[in-house]
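Paired with subunit B in one complex and with subunit C in the other, subunit A is shared by the two complexes that follow.
Entry: the complex of A and B
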């Protein structure tokens, strides 16, 4: 055991590099699963790590699966934003894929509603 | 009985780590939007680049009078390719029984070869095959912590998240289950020293877990304190049942049920579980199991966090839905 710990410790030290990690969704606006009284103009996603802009995407669809976003997402640091068309009351789904700067990929999806709570 | 060839630990470890040091970086157990943490009592259903150091447990045995037992173990898991992985681990144990001398020593060295059969992202389903080898003669068999014979355990692992339930299932979608079933063959059928048969054993277990990170990022963000949003409450079970060549041995199933918590960070996780014996043969009273588990692919993404083959230099692909 002592030898195993020593070998592993030495190896970790020898291999040390700038650490990055998987980009988890830290928070979103509108909030994940929330109901907002007025239609938002954009969806903003904030992650736990910085993103690679060229390989990180998000799209927003309505209950019929029709895209209601305005196209290309804007990525800056650990934040990804996408503009929305005028949204009538209803349920919407946000799907995202993220590539953190160290090439780890993550993905997720959540819903929000526009209308009276 | 001829003693199985002893596996020299130091050269084997040195070669393994030498090989690892020439590699570059990517993943622990992600299946779609689901992250399945490394479980403490059983294994998770993914090949990965991870290090459990240490795993510490305390329990009391089912002996009369009960012996107090400490186990300290370490395990390194490394991907060879994106779907093929190997792990190596060992455990140091110490037992103290009233009226008896204190015993301590290493268990047999354990290696596991694993192959990722499936990762189905939309259904959050992971399937894995493994072959666990406990190398006889590498532990303190004279103190009862190792055996003079080796054991092979072909094992099937699975993991399933319930995020694919309909949206109206709400918070239930944060549940996931994992499990494993293995059949353990000893390389010898009779223990001459103890004068007893060595049984073949069904080794199995599972976990039921509830992911607060999944609840927050996929279902509903209740804006709970950050610490709580990193927790995965879990109940694990690890059991074994002798099923063949068990003449003269106790046929009873032994194992523990482990309720606990895992805190998941970006680079490591910490787990703490109670160990509740399923019967008296499995132990006396409630034990404790704790683990620090490091995500090597996140800590060292460009070196040992990559598979040995096919990982480095692979350009990122355009991601789609």
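Entry: the complex of A and C
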């Protein structure tokens, strides 16, 4: 019984903290779904977990599906950055594929817009 | 049988084989010495020793083969390439040299190889193993089994968690090997005693050593298990409401069941080894078999747990982990709340939209009513507003959307949260031309 009380109280304590283990997009710059007045020079993605550089990718395309990124993403810890070509006003799609260091893959996409809001 | 099922079997076999590989080393070094000590007088010793050596080789061989399969499947999953390409295009090498998982596998392979080199000295024919060889073997076995932490959910966080969680997991794995990995080897030891091939006093001394190691292991498993649950489950609700949490409860229940049997062994049967020994040995052997079966089920549960997203972010997984192929997806993020909008297929024609709502802390957001408006890219195009229907999972669904043209549509989600409270979110979403 004493053991049971100990377990329950430890789990209650545990509920005070929740952490991440798979790599999900935490935030991005430009912000997900945002409209930015001037063209950004890069897209920066921050994930909830550290990434494996060898197997994590990001691609930025314009409304016609043409790639507008510089080709190779830089991965450091839990962030992934990719340089952009000069972007004319319009809508752009960011598609990412992340491999977290615990070997799980996640992927997602979002768009942002360059131009007047 | 699909990839996911195959992976569960491979993981289960690998975990079990690694537990036994490390277990036979721990057993030989920590449990058996009283029996070794009097080896000249023990007639059952050569046969028992031969059994341990055979078990060590078989466990290690199965570990290496199942570990290679695990590496192969993981490389395939990481690269998204078909198996033949994984083998021919150097993906395995990239995984081994450029990922943490691969580095851990390389280290474990080296540790396993060196461990194999100690076997001749660890199970000598006529004497107890030299202290140096025994110490080296214990360290290598601990690296071999503890390195498995790098194949699990304990890895990848930053800061304090990035240190504490892997350390707890390594200790958890070593303690598990010291308990459920050594248990199966007690069975033939007890059986030999019942048949008169082992002196009762020596086996009793070995049993007391196992008991001491068991108490340390169980304490370590409990403490490190709480740390792991802290990071991976996060809340009581996640423990009872997610499949991950429920499976973890099954594991915890099995653990306490096994601890209860161990307590009976320790408090009831072990003291009786002094008196009417044979009956007590028989009881202990039976309980060791039951505990071993419990341990095998725990290993199976662990094999499944590792393939599931931990409960602490099952909700995140719904948001990003499972964007269907060919779907258009946008995550709309504001201080007040967030929406994930998936339109499938993400090209012109008839499509279906799924909307998930979250609050600022990424917890599911309850809405009374949700309407979705899709505005076409062409200025002056007619926007269509539809009422979404909530499904059993809490997601909001809209059927038969007519996407008339490709380009940058605008999706507007209007969620009625209360009588006077609305959350309105909008964002562009890219619809491709039909292929």
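The definition used in the following text is that the second predicted complex is superposed on the first by the 97 of 117 C-alpha atoms of A that agree within 3 Å, B and C clash if a C-alpha of one lies under 4 Å from a C-alpha of the other, contacts with A are read in each partner's own complex, and residues count from 1 in each chain.
By our rule, a residue touches a chain if its C-beta (ideal position, glycine included) is under 8 Å from a C-beta of that chain, and two chains touch if they have at least 3 such contacts.
Small disclaimer: the values here were computed from a predicted structure and weren't measured.
J.: Is A:78 touching anything from subunit B or subunit C once the two structures are fitted on A? First, second, both or neither.
T.: second
J.: Using the superposition on chain A described above, determine whether A:55 touches subunit B (first), subunit C (second), both, or neither.
T.: Both partners, subunit B and subunit C.
J.: After lining up the shared chain so the two structures overlap, which partner does A:63 touch, if you call subunit B first and subunit C second: first, second, both or neither?
T.: second
J.: When the two structures are overlaid on chain A, which partner does A:113 contact: first (subunit B), second (subunit C), both, or neither?
T.: second
J.: Can you give me the overlap between the subunit B contact set and the subunit C contact set on subunit A?
T.: Of subunit A, residues 3, 7, 11-12, 14-15, 17, 19-22, 24-25, 27, 31-33, 48-49, 52, 54-55, 99, 102-111 contact subunit B in one complex and subunit C in the other.
J.: Quick check: in the complex, which residue numbers of subunit B touch subunit A?
T.: 9-10, 13-14, 17, 20-21, 25-27, 30, 32-33, 51, 53, 72-74, 76, 88, 90-92, 106, 121, 167, 213, 216-221, 223, 266-267, 295, 297-304, 316-321
J.: Looking at the complex, which residues from subunit C come into contact with subunit A?
T.: For subunit C paired with subunit A, touching residues are 74, 77-80, 94-95, 98-101, 151-158, 161-162, 165, 226, 229-236, 238-239, 252, 256, 309-310, 312-313, 316-317, 319-321, 323, 328-333, 407-408, 427-430, 432.
J.: In their shared complex, at which residues does subunit A touch subunit C?
T.: For subunit A paired with subunit C, touching residues are 3, 7, 10-15, 17-25, 27, 31-33, 48-50, 52-55, 63, 65, 77-78, 90-91, 93, 99-113.
J.: Touching subunit B in the complex: which residues of subunit A?
T.: Interface residues on the subunit A side: 1, 3-5, 7-8, 11-12, 14-17, 19-22, 24-25, 27-28, 31-34, 48-49, 52, 54-57, 59, 95, 97, 99, 102-111.
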